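Sending over a structure as structure tokens; questions will come in a sec.
Labels run A, B and C following the written order; every chain starts at residue 1.
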Amino acid sequence: MTSPNQHQQSAAKPEPTRALADRLCDWVVTVDHKKLGIMYVAAGIIFFVVAGLEGAAMRAQLAKPGNDLIDPATFNQLFTMHGTTMVFLVGMPILLGMGNYLIPLMVGARDMAFPRLNAFGFWLFIFGAVLLYFSYIGATGLYGTAAAPDVGWFAYAPLTSRTFSRGNATEYWVLGIMVSGFGSITTAINLITTSLCMRCPGMTLMRMPLMVWMMLVVGVLVITALPVLTASQVMLLFDRQLGAHFFDTEAAGSAVLWQHLFWFFGHPEVYILVLPAFGFVSEIIPVFSRKVIFGYPLMVAATVAIGFISLGVWAHHMFAVGLGPELNAFFAASTFLISVPTGIKVFNWMGTMVGGRIRFDSPMLFCTGFVAMFVLGGLTGVMLAVVPFDWQLSDSYFVVAHFHYVLFGGVLLAIFGGIHFWFPKAFGKMLNERLGKATFWFLFIGFNLTFGPMHVMGILGMPRRVYTFPPDRGLDLWNLISSLGVLVQCAGVLCFVWNVILSLRKGKPAGDDPWDAWTLEWATTSPPPEWNFDRIPVATSRRPLWDQKHPEDPDWKYE
Amino acid sequence: MRLALLSVIVAMMCSSSSQGATDSLVVCLPDTTNNMFEPVSQSAREIRELSWLVLGICAAIGLVVEAVLVWSILRFRARPHAAKGEPSQVYGSNSVEIAWTVVPCVIVFVLTLATVRTIREVELTEPPSGALMVIAIGHQWWWEYRYEAEGVVTANELVVPVGRPVWLTLLSADVIHSWWVPRLTGKTDLVPNWTNHTWFNAEQAGIYKGQCAEYCGTQHGGMFLRVEARAPAEFAAWIEEQKQPASVVMAAEQGHQLFTELACMNCHEVVGTSDGTFGPSLTHLMSRSTIGSGVAPLDRDTLRLWIADPSNLKPGCNMPSLKLNDEELDAMVGYLLTLR
Amino acid sequence: MLLVTESFFFASFVMAYIYYIGRSASGPQPKDVLELGPVVGNTIALLASSITIIPAVRAVARGSRGAVLAWLGATIALGAYFVVGTGLEWQKLMEEHGLFLGTNLFGTTFYSLIGFHCFHVIVGLILLSGIWLFSGCGLLKPRDGERVELVSWYWHFVDGVWIVVFTTVYLVGR
């Protein structure tokens, strides 16, 4: 619990007159959505480094065939913790945290609807995260003490039953995720209420920035999908602690039930992660293309459509389970269908860029990289929805490549874009542009080196989650390239961390509106005062600041 | 910058197509690949056809989209001495937006039809006529194969006749596993309390490999699949051989005695001696060519290493070390070597 | 306050989902140990409590303390009757039929589903009792009407869930 705070500490503006303890206390007791947002993001970045190191350790083990750097039990813990951390302790907090920071500013509100609930949610999240990682010290597993969970991030039954997962490491997984999940639910309720009820005068629903729309849909998905995870985790806990039989296959319980429940949560979860990223990109691309977003109403419609359809595609993770031809065909069709609104978004972003005057500052670089990579991830997703293709490639490295193109090439690049874009707003200082560009190129190239070859590894028959592979299958070279790519990525992350530290100390002052942008968060000072706006702004159109800057050609004429 | 990703696509396609072109070479070296694009059975070939179609469509879309992206990056990047002021603001265009909604819908429709068609051809609900029926049972971390009609039980190495369809009934003794031999057919899970089927017909003699594709615990990575397709006559001979009871060789009596005195027989079946089912049947152990579900080739040395402590070869596996001394080890290995 | 309403509205979604899950799991094993008689009594009590809470809420808005105490008291009594009834049913199931959480799938799903619902009834009872006490001490003002109304929404929600649970477990599942 102390580490994120220490990080906050360095992030806080130095005020030499006040004691360290005082300032620390400020951050701990705060209910300010901006401080909470920054703490979310900082905690997320710390966990990103941790989970990234876990991933790097796995790649080190897989650099050559038959390697015995890491034993199988440890390897299984590594990929479980890597996946769990990246999804629940990196993606969720950073995205929800940035939503937390930005939504009230974007809708012209003074804070979230329920500030105290917001703080409560954050500390729940931290507690859950610490609980999960405490397993490295406190849990007992199959091979004795200090055993992290090793059941995989989707924890398929009956591998999680007492018979096959001895000790209490799985309890740590369940409880850690459950507690941080409660935190996410409170945040989601907050986001929904804020964007529906705290909008400033003039900001109708159809004038909300796309980012707000997407966070609204994300909020709805969180409160529909996460409780299902919580419920199934409660069942698992009943099974393990009270002798119930939900997933006990020896007493006619069902192993497939867990999969249905988990993926009913798990697939919307992907959109919970990717929609905020869409939101960042939808804000950043127009600003740097110097053009209004292309087809705003269609973007909104596509967002809502994705939200709905994502609740009906979960079994495409289960094509190999043997659900029967009819169900497989149905879920293939629904999965194809979701690619339509997703494609619309990509086309609209490109439509925004076409005819623009594009400035390639680092946020825009990240967003362009996002579009390029996300298209690839999306297309491999379409391939995997083709059921027979999936029979060959599900649970292979092809899938690993696919979801890293979506989550790393997609979500993470967008997150970096968002951080580079809004950092000046949050801290009043610019990030170093050269380091920013270096971060992008290292990450982009390293990412493609690491995850591009994984497509081929999957096609060549390498299943995921194996701790080693035999030398006679043509996999050696691809694995080696993939592992070397990690080094390049590490360089990128180092650039980023160095950039943040450097810029916090002596970054150029940013001014209120460094990017010449149009949404309301740029109408206040950088960093914004605790009350956000001296006078509650009025939204005259979708781009209130455009109207101010171009009174001769205001936006509202075109609504 | 787009070059990097294009080269990834191209590399991916080249690697699969070039290996497809050298089919004949691959037959000579069946151990070298598990490539799903080199099918040797009808269902795997149907999957390949569809996969090429889908890969083609997706690659085309990908190329077009990325090309447009590159074009707009190059064409519309801000130039230092361009005109000041903002570019003209285009808020959208109904016709264009309808176009890029409808076109993907059409593509999606085509993909759905193609998918459904292949599903119907590959996912059979009844065994094909004349099929060899085999029950495959997944265990942590090995495979049990039962030829019920023939009365044969073996482990880890599935032997099948060339040309005859094989209908596998997939069961699990513990957690979820997945049966995946890419060149024969796509994967199907083995789920406890839930019966699945898959089928394939090997068209060429050879050894086809794969491995468990659903995470199933510590040694998930050491749970290899091996299917050996033999000519029908050879297959029949193999069946006859497997039906024999375990051989009894007087010279190996000391090892046999150890086997019965120690815990071995609780888990392992040797017809005529023991009937354990927790571990693989050892009745015809030496007719197999690998040990530990494919983690090592089977010979005197690896066998000795394995008996001394299985975690030498497969750390974390469920068989305990029996802590035998050198003399006992030799006797035990000597006995097991007679189980042909 | 509208906001609070909304958050409750969404929180109820959350809970609805939990119940939905419990339900899908309860399908497989119908057994013949459940008796309709006492459960119908419980059901009537709970449904009636949902009716008695309406005049209670109105009374709060009007500020008539006596009516609040009476109607709210009735609601609490009916709710308590439901909880005690369920407790007796469970006792019978455990002692006569030997059905526990770990007995079989039916026990697993039955106790967790009914248990989760009952837990929510108890939470509602605690809230209502709190209001009743506040009212008794004269701390309840008409402007608190909206808050009380939220609690009543929660109560209606729990009631609605029971209708679903009852239908699933005792009518369809039996």
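Please note the rule applied: contacts are C-beta pairs under 8 Å (C-beta built on N, C-alpha and C of every residue); 3 or more make two chains touch, one makes a residue touch a chain.
Please read these numbers as outputs of a predicted model, since none were measured by experiment.
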Partner chains shared by subunit B and subunit C (touch criterion as defined above): A
Most centrally placed chain, judged by C-alpha centres: A
Inter-chain pair with the most contacting C-beta pairs: A-B
Where subunit B and subunit C are represented by their mean Cα positions, the distance between them in whole Å: 52
Rounded Å distance, subunit A centre to subunit C centre (Cα mean): 37
Gap in Å, rounded to a whole number, between the CA centres of subunit B and subunit A: 32
Residues within subunit A bordering two or more other chains: 252-254
Footprint of subunit A on subunit B - complex, ascending: 1-2, 4-5, 8-9, 11-12, 15-16, 31-37, 44, 46-47, 50-51, 54-55, 58-59, 61-62, 65-66, 68-69, 72-73, 76-78, 82, 86-93, 96-97, 100-101, 104-105, 108, 111-112, 114-116, 118-120, 122-123, 125, 140, 170, 174-176, 178, 180, 182, 185-189, 191-194, 196-197, 209-222, 224, 315-316
Touching residues on subunit A, where the partner in the complex is subunit B: 71-73, 75-76, 142-143, 150, 152, 156, 158-159, 163-164, 249, 252-256, 289-292, 294-298, 320-322, 324-325, 328-329, 332-333, 336-337, 339-340, 343-344, 346-348, 350-351, 353-360, 368-369, 371-373, 375-376, 379-380, 382-383, 385-396, 441, 444-445, 448, 452-453, 455-456, 459-470, 472-474, 550, 553, 558
Subunit C to subunit A touching residues, read off their complex: 2-3, 6-7, 10-11, 13-15, 17-18, 21-22, 24-25, 28-29, 101-102, 104-105, 107-109, 112
Touching residues (chain side subunit A, partner subunit C) in the complex: 113-114, 185, 189, 192-193, 196-197, 223-224, 227-228, 230-232, 234-235, 238, 242-246, 251-254, 257, 261
